[in-house]
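Would you mind keeping the following structure in view while I ask a few things?
Labels for the chains are A, B, C and D, by order of writing; each one numbers its residues from 1.
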Amino acid sequence: MGFEETKDSSGVVVVRVDGQLIVGNRQELKDLVNRALDAGERKFLIDFGRTGYIDSSGLGALVSLSKRVRELGGELRLSGLNEDLRSLFELTKLDTLFAIADTPEQALANF
Amino acid sequence: MGFEETKDSSGVVVVRVDGQLIVGNRQELKDLVNRALDAGERKFLIDFGRTGYIDSSGLGALVSLSKRVRELGGELRLSGLNEDLRSLFELTKLDTLFAIADTPEQALANF
Amino acid sequence: MTTAPLQLCVRRSQSAASAALATQVTLRMPSDVGCIEQAVSLVARHCLTGTAGCDRLRFRLQVAVAEALANAVIRGNREDPRKWVYVEAELLPDRIHVYVTDEGDGFDPAQVPEPVLPEQLFESCGRGLFLIRKLVDEVRFNEQGNSICMTLSRQ
Amino acid sequence: MTTAPLQLCVRRSQSAASAALATQVTLRMPSDVGCIEQAVSLVARHCLTGTAGCDRLRFRLQVAVAEALANAVIRGNREDPRKWVYVEAELLPDRIHVYVTDEGDGFDPAQVPEPVLPEQLFESCGRGLFLIRKLVDEVRFNEQGNSICMTLSRQ
């Protein structure tokens, strides 16, 4: 369980969520993205291809990160949500707030 | 199941509740006592020595009968409540509203 | 005395593969107060099979179920003959859950006044929920308020 | 990552005399958000033993239990290390009940606003109970509001 951060050739910070994104670790994700923002990064992709489940705190962390990134003129996208994970965004109507791609490759293609 | 009505030598109408006193039959008991009131009876003993359980409608029927009897200058007493039945009167504080005797004999002795 | 039909269906564990699973007892009752006594007696019998020396438990169960059925029939379904009352019991090692569900609009149990206040004492109704709360070990409602779950500990 | 102790105790039917009775699974958890993931995984494993092909059920169970535990730890017990969270699961033939109980004051779930209203959409919290209600088949609270019961149908 943890977050793996890589930087794509086109300058997108890709964060892969391994395991859960929940109340116990969402601060770690927020710290990671905020540090990158402070370092001048503006493009983010959070990939959930290896994620088990997300709780409402995890969803909330994504909402506030996305807000902050946008305020600084950047963009945060999501990818790799399986059917179950995607249903959480649909139920909470957060699918209207995020650009969601099926795979990280698709998300990066037109970033 | 039913109500058995007898008249004691000292003029007390004794009603024995066989089975349950619940929402499905409390009107029968009310009708029985009201008819006796109309016929001039003023002393009533309801005996629960053969009663299984009483529901809140049954308790309510006893409250309204007792009120009516008292308004007409009569008295309504209770007897034969086992521990379980007595607990219903205690929980609802109705034990403060009724004269409750252990046995019909005790209730009749000083009516 | 009405003799409208009750539907009783006792389901037992079918899944031999997994661990022992509870017996569930299901009953459907018409919205008729004349059926309550018979329903109470069926539920009590099926819930307490194999339980010895449980007179106090039986009494508490009978009164609580009778109250919940009366509320479901009268308050919930308003005695509408087209509506049913559903009873379901779940038998667990150390407790019994009994669900009573009606087809009414539900209500907010937090708004029901205490019937033991001096000014309420002479009222002829309003003691049902209070008795249920006193007699069972736990009460839960669904969020609509048309289904009560009453839990009784076996010990 | 905190590694505070969890107490897990799986009880099964002992009464051979009576009919099959449900398995109950009990767990006690400290008021520490760091324990939630482990607790969720234990509960899911014990609830779904012997149930094949239940990925969707497992997911719904995991998220719902995680949410209920987070509320119990943070909202109920306010992360007070002297207070516990109690989890109990009842495994029945066609459904699972999971109870999560905290030692807090409780609350009135009817007062919680809908998080999908446009003006709530950008909030970073307030989606927990909503998700629970959407993911499980039935939600009941005790009358104090410090204990939630979540019911999931097996099918």
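The rule we apply is simple: a residue touches a chain if its C-beta (ideal position, glycine included) is under 8 Å from a C-beta of that chain, and two chains touch if they have at least 3 such contacts.
As the structure is a prediction and not an experimental result, all values here were calculated from the model.
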Touching chain B and also chain D, the following chains: C
Partner chains shared by chain A and chain C (touch criterion as defined above): D
Geometric centre distance via CA averages, chain B-chain A, whole Å: 72
Centroid distance [mean C-alpha coordinates] between chain C and chain B, Å: 26
Between chain C and chain D, centroid-to-centroid distance (C-alpha), Å: 25
Chain C residues counted as touching two or more neighbouring chains: none
Pairs of chains satisfying the touch condition: A-D, B-C, C-D
Residue numbers on chain D that touch chain A, as the complex places them: 1, 33-34, 36-37, 55-56, 59, 62-63, 66-67, 70, 74, 115-116, 121-128, 130-131, 134-135
Partner chain C, residues of chain B touching it in the complex: 1, 19-20, 22-24, 52-57, 59-61, 63-64, 67, 84, 88, 91-94, 96-97
In the complex, chain C residues that touch chain D: 11-15, 17-24, 49-51, 90-94, 108-110, 133, 138-143, 149
